[in-house]
């Protein structure tokens, strides 16, 4: 299931090329992912971390199609595309709201780790939450 | 040919997981790339931009292997692995200086564009510079 | 007249102290200021820049009272407190939405400059816009 | 006693005005401060944090005199100007290396807090370290 959120480009996010600095798209993916979790589980990423479930990125990828500019409204479409016991993968598509043009797409893969950053099996340890997530996985 | 540079992790670059925020690795790749160009061409990326040659990222990828932490010294190894007339690709490996452990690797692909962000053929328009770069391409 | 906007704290904005990195508050002040201009003038900061009116910060100050944390909703209250021909000053107050606690306050002073970053007299050159702004100045 | 360090401006630090985004100067102040501590005490800020001594910013100020640009080398001069039992203040001056022009100056005030961010008296609890710091205080 696709989750939709939006942001407005900040001045800070631009660089001297007059467009958004490429590294910042990963911050937007993060916002999409946080909102995805808030809306599909009855627990926020923040609450999840407080329980000791952290989701560090172990792989990230982005393809830049059109530049994003200052003050643009950007639509972030987030999908959970893989869920294993020990990791999960999100896919993102970014659209410029004004003309609905796809400006970038990418993915991030995450491990489930505890507060000491040690990987653990989320499926085994949090079976109920894992099953809620499992219902959200998109067929790709 | 591999180019080596290094940075020290800034407090600003950490997040509440106690490690460097993943998006920041692309800033380090950028530093590696800037130093690569400064050292292999007799023109800096800054001077290149002033001439009207910009190198926006059109694809970026990073695999995170070990976390980087505040105050760590990080070695950035940068290689130019592909050079076409209209684009080029860099590969990066990041090592923690203390124990020489590989902590991340990735790549960025770039287009040659002018100040209006219109792609152009760098090989045709800047033949001499293109040939200097061409000598730097690593066999992968 | 006070303008109100809000943001939600991003993971990227936290540091290893578990709170928002202090430098990021200036990005939030910037968001407050952009929204202030969008709502009080019939021209956005972006459109203003396209006309050749830029507002670089020449002085910035922030007093940090309580930490902001990941996922907090933050209310930004922005006021224009001084307007001269060649510069202006905004004041900001940040509140945590959850309990309406003041977490920080600060100000930024700006010059009116053109695209070459040369200061000019906004009052003389854009009298009509200056007068609209003038009506927004708060008594402090 | 003044401590000197330097950085080179990153592409990421620029904005669409073609200069460094103002909020980033606080990151540079931070680098100056970290280096100051590393060189004047026989303990790094990182090690200090591991002991449970954190130095959050409670007030920050910057006056922007000349813009910093991409690839500029910036000299950061840091001084400790006040030291009380529970707080301390640093002053910073930033110079463009190329022509030794002062481009910005500012200060940050810090509290001594523990890992729960509770203020404590550093002078009483770490008398020896406090006295080392005390010898570094500049007359202003």
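So that you can tell them apart, the chains are marked A, B, C and D in the order they are listed, and the count of residues begins at 1 in each.
Note that in this section a residue touches a chain if its C-beta (ideal position, glycine included) is under 8 Å from a C-beta of that chain, and two chains touch if they have at least 3 such contacts.
In UniProt terms, the chains line up like this: A, B, C, D = Acyl-CoA thioesterase.
Keep in mind that what you see is a predicted model, and the values were worked out from it rather than measured.
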C-D or A-C - the one linked by more C-beta pairs in contact: C-D
Shared interface numbering between subunit D (Acyl-CoA thioesterase) and subunit A (Acyl-CoA thioesterase) [over half = same, under half = different]: same
Distance-maximising chain from subunit B (Acyl-CoA thioesterase) - centres being C-alpha averages: C
Distance between the centres, which are taken as Cα means, of subunit D (Acyl-CoA thioesterase) and subunit C (Acyl-CoA thioesterase), whole angstrom: 24
Distance between the centres, which are taken as Cα means, of subunit D (Acyl-CoA thioesterase) and subunit A (Acyl-CoA thioesterase), whole angstrom: 34
For subunit A (Acyl-CoA thioesterase) paired with subunit C (Acyl-CoA thioesterase), centre-to-centre distance based on mean C-alpha positions, whole Å: 28
For subunit D (Acyl-CoA thioesterase), residues that touch 2 or more chains besides their own: 11-12, 16-19, 23, 27, 30, 49, 70
Subunit D (Acyl-CoA thioesterase) to subunit C (Acyl-CoA thioesterase) touching residues, read off their complex: 16-19, 22-27, 30, 49, 54, 56-64, 67, 108, 117
Residues on subunit A (Acyl-CoA thioesterase) engaged by subunit C (Acyl-CoA thioesterase) in the complex (per definition of touch): 10-12, 27, 30-31, 34, 44-46, 49, 70-71
Subunit C (Acyl-CoA thioesterase) - residues contacting subunit B (Acyl-CoA thioesterase), complex: 11-12, 14-19, 21, 23, 70
